[in-house]
Amino acid sequence: MSVLDLDHVFFLLIVNIGIAVLWGNRPFVGKILTLLYILEGLSILTSYHVLLSGAVLSSSLTFTVMQQTVQWQLGVSGGFFALITFMAAGLATWFSSGVWARSYAPIRLLHSYMALNVAAMLLLLASNDFLGLFIAWELVSLVSFLIIAINGGRSAKAAYSYILYAFLGAMAILLALIIIWNATNSFSYVEVRHHWSTMSVNRQLIVVLLLITGFGIKMAILPFHRWQAPAYAYVPAPVAAFLGAISSRMGLFALFIVLLQVVGIDVIQTLWLPFEIINMQTFLLWLAALTLIIPTFIALRQTDARLLLAWHGIGQGGFMLLGILSANALGTAGGIMHVFNHASYQAALFFAVFSVSYRTGTADLDRLGGLVTRMPISFTVMLVGIIGLAGLPPMNGFVSKWLIYKALLDEGMPLLFLAAVIGTLGTILSVYKLIHNTFLGQLRLEHENIKEVPWSMSIPMMILASIVFITGYFPGLLLESIAAMQSTLGISVVDYHLGGVNTGKGNLNMIVVVSTMLMAIGMGALIFFVLGNPRKQVTQWDNYAGGHFLTSDMRYQYSHNFYPGLMRVISPLYRNTIFWLESAIVSTVQFMAHISYALFMQANYLLYLILLVVISLLWVLAV
Amino acid sequence: MKDVIPIQTNNTETIAVSKNSKNIYQQAIDTFSNFCRARSLFVLHYCTGCGAIELPPAMTSRFDMERLGIQPMVTPRQADILLITGYVSIKTLKRVILTYEQMQGPKYVIGICSCTVNGGMYWQSYATAKVLSEYLPVDMYIAGCMPRPEAVLTGLQQLMKKIEKGEANSWENYFKRYDYYLGNQQHLFGDTWHTPTDILEEARHYHLYGAESTGNNTARLIKYTVEHDLTKLDAPLREKDSMTKRGKK
Amino acid sequence: MVWDQDKEATKDNYASQTIVLDQILHELDTLNIEQKNNQRFRVDVSAEALPALLSLLKGRAGYTQLSAISCVDWEDEFELVYHLWSYETKVLVSAHIRIQYTPAVYVSVYDIYTPAGFFERDIYEMYGVYFEGSPMMEKFILTEWHGPAPMLKSFDTLKYVNDMFNWQEYQPDWLKEIQAKGGKVVS
Amino acid sequence: MSGQHIFLELILMPLLAFMIGLFLVLMMRKVRARIERRVGPPFLQPLWDIIKLYVKKMQISHGVIHDLGIIMLLGGYITAEVFLPVPGMSGFTSQGDIITLIYLMMVPSLGLALGVGQCANPNGSIGISRALTAMLAYDIPFIVVIAGACLYYGTTDLTEIIALQKSQQWGLLSMPILALAGLIAIHAMLGKEPFEIYVAPAEIATGPMVEMSGKYLGSLFVMQCLQIYTITVLYTSLFLGGGYTWFDFIPKLFLVALLPVMITVIFPRYKTDDVLRWLWKWPTGLALLGLAIVVLQG
Amino acid sequence: MQDSLILLVVLPLLLAFLLPVIARYLGNLSGLTGSLLLLFNILLLANAWNSVGYSPKVILLGGFAAPLGIVFYIDKLNMLFAILTTIIALLLWPCRTHNTDVREYVLWLLLLAGCYGVILSGDLFNIYVFYELLAVASYGLVTLPATGASYIAGFRYLMISALGSAFALLGIALIYSFTGSVNIAHLAQIIPDHLHHIWGYSAALLLIIGFGVKAELFPVNFWVAEVYSHADKRVTALLAGVVSKIAVLIILRFIILLFPWQDIFNFLLLLGIIGVIVGEFAAFYAQDLLRLLAFSSIAQSGLVIIAFACATEAGIMAGIALAIHHLLLKPALFLLASHCDRSINDLAGLAKSSPWASALFVILALSLLGVPPLPGFWAKLLLLQSLMAEQYLLLLVLVLLATIVEAAYLFRLFMLFYQRQEMPEQKRITIQGQELYPVITLSGILLLGLFFLPLFMDSLREIAMQTSNIEAYINTVLGKVQHIGEGNI
């Protein structure tokens, strides 16, 4: 296959948008769009070896304004993220192309907004100077506003709060851009990196803080995380999977490029917050650690499965940032790999939750239970997903978590290692609550004749689950492109092999670990099935209840308030300070608006004018 | 040791399994497994009556059941021996039968106190079941109006010897002669009496389906099950009243 | 000494209380009082007057507790005994009434003393006496029993047990040895 | 590392682990009995229990996931065994380090949780929710201890840690406070008395094991043996310099297992939130103190 | 040929006076004559544009030399604004076919004459005269709809601009008393160094406040909300778009040529930023669409004033870019909003009844907001760069915060437009096609401008350079005294 450059991909994207907008609600169009996405992914994959060697996919989309040439070309890091985007978009459209489409009225809107989103994201991934980055950034925020607000009602409110946060971020980035422009009067990364030291130290500090605020908002870093959970939870299934998988990672990509390539991690280490309290890197790491812990423990209290997963998306975003900023080859590799891993199992989990709500009509954990016998495929996908999300060995989530833990330990940050582990433990607790309340336990009467979701919805789920397992088994597939990314960014490269990583002090070979697990499970099965006598399956009523005859009017299931002991101990810690901060700001704005409106509606304006004139005259005469 | 009165129940004559029908390996495995079964017994003492107070001293430092390999267990699923201690009222008998059926074979029932033998002190009461072995296959009776711990231990040791010799498989009778037991139970609780565990299907699954497993009693039950379609999930809800208030003769 | 002094206090208020008790008891003409000892009274009252007596005793004489209701089956009629206890005077008053055998129905005193509900239910289960107005008139203990009221004299438990249950031979090995040596079980 | 050698070790290590585990469980029950002035179980009692459970004729299961959970349980610990450094056999210790081991030990608890979930018994679900809460409670001090140890040794590979301890001094002597905190954390990890909130026989009918009968319960006993073995080996290789030869390795294991048992027998059971509060206060405090010392020593 | 530019002012005045007579004969078609005139103006300006190409020209009225005679100064900036005024006036020309009112056309023509006069004249008093002509014409236009509200608004507008004119006149008198001349070029030589004292400052303040009324400068823009929401929509568009920008142009001339002192710049910056913030917040609170647009135009002109106030070349360039962008955009928005003069909540679901109008509204509002690919972003980028060059960090932050508030109320509007449920039958608003033409042309100009962005930016830089060098201004006006008629180009 000839090396396709970026124009082909852009062309395909435009075709995508065209088809989605014109014939969005035709039945077969979903499949065509999925094929298109996959085609785009393949086109990047075919020219991927070029990217790996450090070259760049150039595109003819350039223009010069104010002596600045803005050019779009796709590097290896952009390519990696683009692959994830196309994977997520392709599978999401596949999920929505089958039977599900008939159950969702504005399907045309969904397809067109999805196509617009993918195009905007590719534009962002391909930008390689600040101006191009900002233009693409604004487009991405606008288009994701559209896709979040697709369901109206609750999601429209969430979209409105999102767009306000997005504009706050955009203005922060614009301010940073302007300050950079003033110092280096050019927007290209190379120039900026070259002239970076000309800026005064506290000017550098302001720029870095502004950039982190701007990109952090999209990534839902701690103080700005309140918009993401409702925004990603109340949207239809494919949108939730797509957003959960990749949309908030655009902020991470931009931060990754800006902080590591342009500013450089060594500069961040030298920058000190005012009064020499803490250097910038430690401040960011602790911010990331808090972003990991607090949303995860908020997720623990949710009773709606979609909200639980959305809060976990925020938590894992913090985990990725922790990896990227750890200034260690393993850490950055772990951070980027976690982007891919999280994309795969978050999408799988969203699909599983939505297929349950497609069949039972609700995603509320208190009104589900015992569906494993009726929906086995969704159960296996959710099982693979939660093992990935919790980061347990056979799945890929473990590899990236291991890399980040190893980096934190090697860098000598034990307390951060502890914070990361607390986050992971919180995840394990809440994912078990998710799978227990939906699939395990007593089956409800009204769910007796529930069937599995149709193939068009379960195949994408299974593909994602297999991706999670395969990349867990052979992490080398990902590490190869991550190493290439690290070399293009000029940071220390991780030495990898197909099975994992060999550092001097404690290495990981996932091929050995996973094959031993499979062998051990084989031995366990052997012991269990051969040595023991044949087993007999019993109904859910044949259960020990202290001699009481089980009747189905009194539900024999424990699912509400799943961790009472833990909640009693940690509930004083939930003070949602950020919520009060946010509503305080909103009320001040409304108050000032009221005052200024009243100012203009004055009846006797002339009196005040004359008074003003008299005062100014007096002032002039007095001086 | 005078007052230890282990007695041999009459209706538990097991259909003697001829030893040489199985091959050598099978026999070796059986003997070894009986050896282990004898050495490790998990006891669920269902304190139906007053005899239960004798068991804690049997477990604590003076008599220490654990040295015989016997451990107390909480749920029927994990238990081998079901100790019925004291009088069994009709209401409790229903729960005892449910617990017995939830236990896993090879399981053994020991009736402690004479109330389980022939009704004991409450022999003429309208509310108590007189002979336990009519409703459950009982392996061992330990008579005495509350036998002392030594009696209980001796009884257990004798049961262990029987298990080791492989003779203590009266639990199979429950499957093989289920009709007899069901008849007695229906006699007390009424024709529509049944428990969540499907004994006949389990008998077929464990190849213990004898000639006497079904008879007219089970026929009545099967007809009732088919009629009320008890396999559906909401069956227990429809059967809610019938289970507890069964018993119209 | 404390104990005695406490005794003194109860003695004089006991005196005042008994005066009140006497006045009440004399108000109702159709009852005769018999004093068993200084802490027990037996009052025989007609069936209709019982609720009035109970409310009087509860209201004015401080008899806050209805300890129990017992029932006696005289084969031609039932006798219901209401045991009332006052914590101040520490005097037990047991009011005896007689109701007809068939139909065994009487009015419930649930609205005066709520614990009466439990006692009446037991009597209903065991003797078949139905108390109108009590909210708890359904089987609680003998849910499995569908025969006649078991405590009635007319119900022959021995006959029921003999035809309902069968017995098992009691041939312990040790008994065989003793019988071999000429001994036997003394019945 | 020829192929058969590896295959032999793959079989031998779990088997060895199981045997030592059996004797550890026996030791625990014997010590408990002796402290309660009882005779205690016969020599091979744990083995008889397991075999009796396996050869029970009626095995009740609640579904495929119930069996899958138990298999995952056994598989998880067998894998962990292969990665543990044992004198004479290296197995795959070079391929995975201590962080992998901690996570491998979480896989069985997840497997058990799934199996119990399928049993559809609320006693089991309450037991699992308490087990996971306890895991959250004891894992924090344990992780701080591990972080401190790895920081002190500079590596997370167990064989290297043992080699370091052989050349220098035992972890116990260089980091006494961390060792103590580790011991308390291990005690909680074993799920023994004061922290035995998830198998509370009186309250929730042995929690997760309520519907486990026959070979399911047998596998849980096997898991208990493997669990005690894994935890004690992990502790010895971190703080007691691992095993030079089998003769000094096994006494170390028994010593490490002995101390928690002593405490277990005397104590009643904590409530769930007391377990959380206690474990987050004393052992975590100790561990953080030890960590501070290790960091200050530089 | 550039002398012919005088016709720009003369012709509209002539036609204005002749129109009542023409109307008697042509009746309804009299409106067409106005548009014909505008077409002629465009042609006039077009060929004048390339002639004045490189160096600014001067027209001496009546042949008198500069310091005494009345002078018309023509350079790129003035020409640009003149052309834009004509284009907007042509698009907004009220060519109704029935119930036309000849007075409306007369007032429009007077207004236009005033505008041209103000843009071109280089003489202080002359600017004041045309400014008055402009003001009077706008009073008439504002009160044309003859509704109660428009009378009140007109009265309030009259009172404030009367006050403003008084200030301006006082300022001119002050300057004249000190320098003895009213010619800007001549003054430009004298004032900067001689009048650099309190009297100079007060004169400057008086002039700025005086001309600030039309430029919607903060303390004197109380009339904006009432007038823009109650006057006829075309008039509002013209006032908001063109007239306010011309007033700001005058202030730009003053602060560059006459009062180039830092205190004045700071004063203007202060008024500008207050105008922006108060405008944005008032718009956030506004209940109905027209008031919302009025307040947002206050904010926008505040931005233009800030840009001009940092009197560097980049500042001027940013100011011009912003002015042009707002000049093209706001009339379109006002026309779109012409039917929605009821409270915002009644507009829910507008997208269903008039999809094209709401789509256009969204695009234009986004450009107003400064969302990148649209022209608004480049204008705002220039502004931010110029502010940064002057190290006004606080101003920068305030402008960005104001944009966030702007985003808040605009997106609230979009959410209302695109709500699911239909508008109730009787309150349905459907904007017909023919009203959309001017809007479409305006947005077409804006969006096409995107493609010629680099070219557009360079020409803007030239204009800014030309306006900022004062010597060129002075010696063109004073140096080569050249009479009308000689016409040496």
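All chains are identified by letter, namely A, B, C, D and E, in their written order; residue positions are counted from 1 within each chain.
Simple rule for what comes next: contacts are C-beta pairs under 8 Å (C-beta built on N, C-alpha and C of every residue); 3 or more make two chains touch, one makes a residue touch a chain.
Predicted model, so just to flag it, every value in this text is computed and none were measured.
Trainee: Among all the other chains, which ones are in touch with both chain A and chain B?
Mentor: Under the touch definition, chain A and chain B have D as mutual neighbours.
Trainee: Which chains contact both chain B and chain D?
Mentor: Shared contacts of chain B and chain D: A.
Trainee: Comparing the two chain pairs, does A-D have more C-beta contacts than B-C, or is it the other way round?
Mentor: Counting C-beta pairs in contact, A-D comes out ahead.
Trainee: Indicate, using Cα centroids, the chain positioned nearest the centre of all protein chains shown.
Mentor: Located nearest the centre of all protein C-alpha atoms is chain A.
Trainee: Quick one: point me to the chain whose Cα centre is farthest from that of chain E.
Mentor: Of all chains, C has its centre farthest from that of chain E.
Trainee: Any idea how many Å lie between the Cα centroids of chain A and chain C?
Mentor: Those two chain centres are 74 Å apart.
Trainee: Round to the nearest whole Å and give the separation of the Cα centres of chain A and chain D.
Mentor: The mean C-alpha positions of chain A and chain D differ by 35 Å.
Trainee: Could you please state the distance in Å, as a whole number, between where the Cα atoms of chain A are centred and where those of chain E are centred?
Mentor: One centre to the other, that is 47 Å.
Trainee: Quick one: report the Å distance separating chain C from chain D, using the average Cα coordinate of each chain.
Mentor: Centre separation, chain C to chain D: 61 Å.
Trainee: Out of chain A, which residues touch more than one other chain, so two or more?
Mentor: 443, 534, 536, 538, 542-544 - these are the residues of chain A that touch more than one other chain.
Trainee: Among the residues of chain B, which are close enough to touch at least two other chains?
Mentor: 75, 77, 202, 206, 244
Trainee: What pairs of chains are touching here?
Mentor: Listed in label order, the chain pairs in contact are A-B, A-D, A-E, B-C, B-D.
Trainee: Hey, which residues of chain D end up touching chain A in the complex?
Mentor: Those in contact with chain A are residues 10, 14, 54-63, 65, 67, 70-79, 82-83, 92, 94-100, 103-104, 106-107, 110, 113-114, 117-123, 125-126, 128-130, 132-133, 135-136, 139-140, 143-144, 147-148, 150-151, 154-157, 160, 197, 205, 210-211, 214-215, 218-219, 222, 271-273, 275-277, 291, 295.
Trainee: Using the touch rule from the top, collect the residues of chain A that touch chain E in their complex.
Mentor: Touch list, chain A to chain E: 63-66, 134-135, 138-139, 142, 145, 149, 152, 156, 159-160, 163-164, 167-168, 171, 174-175, 178-179, 181-182, 589-590, 592-597, 599-602, 605-606, 609-610, 612-613, 616, 620, 623.
Trainee: Over in the complex, which chain E residues touch chain A? Could you list them?
Mentor: Residue list for chain E touching chain A: 156, 159-160, 163, 167, 198, 201-202, 205, 219-220, 222, 224-225, 277-279, 281-282, 284-286, 295, 366, 371-373, 377-378, 381, 384-385, 387-389, 396-397, 400-401, 403-405, 407-408, 411-412, 415, 419-420, 453-454, 457.
Trainee: So in the complex, the part of chain B that touches chain D is made up of which residues?
Mentor: Answer in residue numbers: 29, 32-33, 36-37, 39-40, 42, 60-61, 64, 66-67, 69, 71, 73-75, 77-78, 80, 104-106, 202, 206.
Trainee: Which chain A residues qualify as touching chain B in the complex?
Mentor: Residues in contact with chain B: 443, 445, 448, 534, 536, 538-539, 541-544, 547-553.
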